[in-house]
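Note that the chains take the letters A, B, C and D in the order they are written out, and that residue 1 is the start of every chain.
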Amino acid sequence: MPQLSAEELRTRMRRDLPGAVLEAAPLQIVPPAHGSKGPFVTPDVLVEPTRLLDAALYLRDQVGYTYLSDIAVVDYLTDNLLEVVYRFYHLDGGPSLALKVRLSRENPELPSLTPHWPGANFHEREAYDLYGVVFTGHPFLRRIYMWDEFEGFPMRKDFPKQGDKYIGAEE
Amino acid sequence: MDIQRGNIIVMDRRRGKLRAGQGLLQGLKVVWDHWIGSFRKNENFSQIHGTFTIEYPDERMKLPQAYRNMPVLIYDDETGHELCTACYQCARACPPEVIHITQAKDPNTGKMVPASLEFIIEYDACMSCGLCAEACPFDAIKMDHFFELATDDRMGLLQRKADLNRPISYYTTIAPDLWDEVKEGAMKKLQGSIKRRPGVIGIAGHLSDKIAARRRELEAEAAAAPPAPADAAPAAPAGKLSPEEKAAKLAAMRAAKAGGAAPAAEAPAPAPELSPADAKAAKLAAIKAANAAKKAAEASAAEAPAAPVDEKAAKLAAIRAANAAKAAAAEAPAAPVDEKAAKLAAIRAANAAKAAAAEAPAAPVDEKAAKLAAIRAANAAKKKSE
Amino acid sequence: MLKTEELQINIGPQHPSTHGVFRMIVTVDGETITDLKPVFGYLHRNHEQIAEVNTYLQNMPYTDRLDYFNSMANNHAYALAVEKLVGIEVPERAEYLRVLMVELTRILNHAGALGFLINDMGAWQTQLAFGMREREKILDLFESASGARLMCNYFRFGGVARDLPPDFMPRLKDLLIAMPAFVDEMERLLRENEILLQRSENIGILPKEVAISYSVTGPMLRASGVPYDIRKAEPYSIYDRFDFDVPIGAVGDVYDRILVRIEEMRQSKRIIEQIIQQLPDAQGGHINPKARQNVRPPAGDVYARVETPKGELGFYLVSDGSLKPYRYKVRAPSFINLTPLGDMCRGYKVADVVVILGSIDIVMGEVDR
Amino acid sequence: MYDVINHLINTVFGLGWPSWAISLIAYLLVATILFLVAPFQMLFLTYFERRAIAQMQDRIGPNRVGPQGLFQPVADGVKMFTKEDIVPDAADKWVHLIGPCVVVAPTMFMFAVLPWGPGMVPLDMNIGLLFFFAISSVSAVGLMASGWASNNKFALLGAMRAVAQMVSYEIPAVLSLLAIVLVTGSLSIVDLIHQQAGLFISSADVPGIPDLGLGWFVFTPVGFLAFIAFFIAALAEGERTPFDIPEADSEIVAGYMTEYSGMKFGLFYLAQYVLNFLLCAITAIIFFGGWQGPGVGWLYAQAITPTNPDGNGLFNVLAGMLGVFYFLAKTYFFFFVMVWVRGAYARLRIDQLMDFGWKFLIPLTLVNVISAAIWVGLTKWGAAEGLAFVEGWAPLMRWGVAFVITLLLNIAAYIFLARVYSQAQDERARLDNEVLERLTNVA
């Protein structure tokens, strides 16, 4: 079983893909009300958004992590950024490797992985639907859960959690 | 990829075999076996033939003890006290937030009491997860086995405390083992919270009126009994008394002793009979108790300025006297009472009287309190006389 | 030249064999599919956001509702994620109980899934009824252990909610007597039946490389010939203590998926037999006494996954140090396994669409979340 | 019926009515009985099917309405009647209405030539068999009409499938009957039954066989293969699993019935179950001797018949009862087989159904026709037809030789065709893959 740690991956990618790996700044997700747990520094590899495709293909072709398991978006409202987590597995087993990408909340845009991993299709559509991350190069980037006329991105932390403005809008 | 402790099997597709209907015949054989087998019932888990239908309204599955449907509150059969102390743990644990609790307050002091005033569960939104029952530190909320909840009433599934209350005896029929596990702790905690519950607070709603009435009745009885002189007791030989009568007598004697010591509770009318053994006697005793109470109230009102008692004791005495008088007036015809409860009430009355007596000599602590108590006692007495 | 027009058919959302409210916009040329677009979201309830306003434990019953066939497996994935995040140890006995329940879940899911698949092929529910019979027996066991048949809510952080009742083991042993007979019978009904062979052989082929690039998981991935089972590839819980095989298919069609599922039931039974052997020696109680109801993990993120009967179910949790998860993401196997549906169906007949869909074995509660 | 009425009126009462009046009375009586019997058959069959299939699935089935749930179909019928009749806005209303009627009517006609017992046939046509199958194909028109008029894609698909299937499977059905017709030399259904007297060997083939009413055609290789082919074709004709493709509920909702509700829907059901009953009945008649069975022949010989006008009326009743009992027992057994098959199998795909019909069943029945010709030649022909060498053989010997030859021929044909057919399937799969590769643009 391959046991490549995130740290090793980071050094390898620094060597092979210069400029693609960023230093992860600590996240201020802990609201002040919850006391002094401190900022959260991710151990995973943080990738420059424009170099995401290179990094993913490097992971697939050079490192052998061919299986794209999951794409998750997290909205860090206090840090004013969206983080997209790509999770890859090696088919010989072992733990995952994650690539993280940080985007601005105002204009989140990423290259799509769907042409290379068709399995990313629904993941990306889901991320677009719920968080508004636009994947350039996606063949069919439409809302997947919500109806097409829906406005706003319901999973963002600043989306109103109560009330239904759509009922009001119809009246 | 290599695999630890096991192999990779490539499924055999059985290619190259002449397929001329053998598989179809095999399928027919399987179904035929089931048809033949269906004339008897599938009895246990090791059988795969036989009907396994349970004809629901006629026969029912035996539900396992751990089965959970909707949460209910349980109360103690003997005292009528609910186990719930309104600690809000269940409301906090509830994922869909369908539990709403109001904690009871002592009407006199305004303090919170470990009991719920109202307890609402919205059954329609409840998801039967059982987290409330797990979270409850007092084992007061349990998952019921009743599942036929269908209703055509939209609000019919909003269950209030009166709908939710189930006796422990009911819960032991559906889940005896689960109750045995927690019984000891739960009952211990219940005793603790009963001590902090004044009056009928914390008693299951449909029982609280009954229990309150009975309590008042018995207190009135106890109040009637105290003045009985100790030497009047041997009218009947002790050996011939039934245990209940004996107990009542004992209680009465105790009350009398205490009452004798307490100046506030002194009543002139002596009780000729021993104990309320029959209806007539009970009636008589009740009337006498009323009189005694009235007198006692008057006496206490009169004596209050002179001998200022402790505020609490005075208040207690006044309320009790008032209750006793009220009960006596209202329920005098209500005949033979529960012997056990009578005993309990008598003992309690005796204790109270004793306490009052003990505290009476204690010097006035606070002028204001004494005055307040006196006024309250006077009011009560006035009300009674009306 | 004769020109024919393509016909667009909506299969669903109200259709007998879409396994819930699922819609496929099918473009057909005669009866041949030229295009298929899945449309869903009718059951969407924003599960992930509901989870963000609940405490960690309160989410446990919600995970039951993801894939309501395998609530135990969902519980397992979520419990693993939170335990990893907080760092809770699970006692040995609890681990055995967990694996026991999850393997029973696998059997019941496959029994049901095969039945539904054959139902989609047009059988009149006989195979389904046989599968349901065994499923009901297992659900009886679940009910006696957890209190509910479907929404078990049985797992807690650091163990399971309750220990087994005394009548559980005898009934489980009875069930294991019936299980081989049931699986053999299912195999006899399915494996060589000429009609079924015609309907399933070379239908919905998903070659190995395509399956990997589509990120499909579970029996579907294994039917395509990839021996990837998370229980072997990244053993979690105590799966490294059991001997069991990983069945894979040779072609990757519907028939292989049927065969793989039948074999997985056998392997699950093997695991359960080993559990019955080892359970009496297991240390510890059914729950870690230190694991409390309210957990407050340190800030951080975690991804934990299990091999549910449908495939890889993963939970990605981000904690901000409070009582509630900051982000809760479900990587649902049914949802991802649906991705290749359009490509798998293209070129086949309308009747094959439902069969291919049935062979994916989706549950809309998990797809729409 | 004519004989009995004639006997009653003219002999017992001595009224001397003309024969047309007696015919009129007899036919009116028969028609009334049949129109009462047909719906009740349908009611009973639905109940029978539901109970039987429930038991095959380890369930109980309907057992709440009436004793053992016997009135369940009545309750269903009442529900059907009281339901709202919905016609889609876009539908062609008249055709939508006529469709189910056209489907039901032929099934009622088919009762006209169905013999229930000895001498109990409404109309003994000399082309009865032809009439039966000619009329049965009329319902395809009704199916197409209703599917088209519904203006629904599923209904249209279903109707097209139904018509394609019905037309395709008429051929193997008729070809397999053709073998029997060759053997008997008659198209009259009554004749066919009479020829099945005997004991495992038809008394028509070997004279002098004791008559126990068991000389069924199914005991000959020709008849057996014809029976298998015919029954499969009957499953397809009657839209039963595994050929219930036109109304495949898991694919095209309910096929041509999708847009029907209330009693119009009920009419489709009525037609389907009555047709199933008729197909089972015709299977029982042609291959299993119909009302033939031990005792019927002897009883009927004592009864009043055109050939024996002095018989006893009591024997008419006895022979009729026994004959109807045998006939219905066989019919219901075949219906049970239909249910059994439905319980065990999945459904074929429409193209596979066509493949099976055209590439397997039709060649098989054609071979069977050749077998039938050999059979006829060996058992019936002589020097006049140019087969002088069989003249000298004993009838039993001739029968035995014919049996062995046709058996070998049929088995060889079956195995050969099964092999060829499964190779053809693989070829199809390969072609499918090519189509798939052309259509799929997977990276």
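Quick note on the criterion: contacts are C-beta pairs under 8 Å (C-beta built on N, C-alpha and C of every residue); 3 or more make two chains touch, one makes a residue touch a chain.
Since the model is a prediction, treat every value here as computed from it, not as a measurement.
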Using C-alpha atoms only, the most centrally placed chain is C
The chain pair joined by the most C-beta contacts is B-C
Whole-Å distance, C-alpha centre of chain A to that of chain B, is 56
Here the gap between chain A and chain C, centre to centre from mean Cα coordinates and rounded to Å, is 25
For the pair chain B and chain C, the C-alpha centroid-to-centroid distance in angstrom is 46
Distance between the CA centroids of chain A and chain D (whole Å) is 65
Shared-interface residues of chain A (touching two or more other chains) are 91-93, 116, 118
Within chain C, the set of residues that touch 2 or more other chains is 126, 130, 133, 189, 193, 195-196, 201, 210, 213, 228, 232-233, 343
Within chain B, the set of residues that touch 2 or more other chains is 1, 19, 21, 24, 27, 30-31, 34, 42, 52
Contacts from chain B onto chain D in the complex sit at residues 18-21, 24, 27-28, 30-32, 34-35, 37-39, 42, 49-53, 55
In their shared complex, chain D is touched by residues of chain C numbered 7, 9, 15-17, 31-32, 34, 118-126, 129-130, 133, 189, 193, 195-196, 198-199, 201-202, 205, 210, 213, 343, 346-354
Seen from chain A, its contact residues with chain C in the complex are 1, 29-31, 34-35, 37-40, 42, 66-70, 72-75, 85, 87, 89, 91-96, 98, 116-123, 130, 143-147, 154-155, 161
As the complex stands, chain D meets chain B at residues 52, 55-60, 63, 340-341, 343-345, 414-415, 418-419, 422
Residue set of chain C touching chain B in the complex reads 54, 57-62, 64, 126, 130, 133-134, 136-137, 140, 143-148, 151, 153, 161-162, 165, 171, 174-175, 177-178, 181-182, 185, 188-189, 191-197, 201, 225, 227-228, 232-233, 235, 240, 242-251, 255-256, 259-260, 263, 293
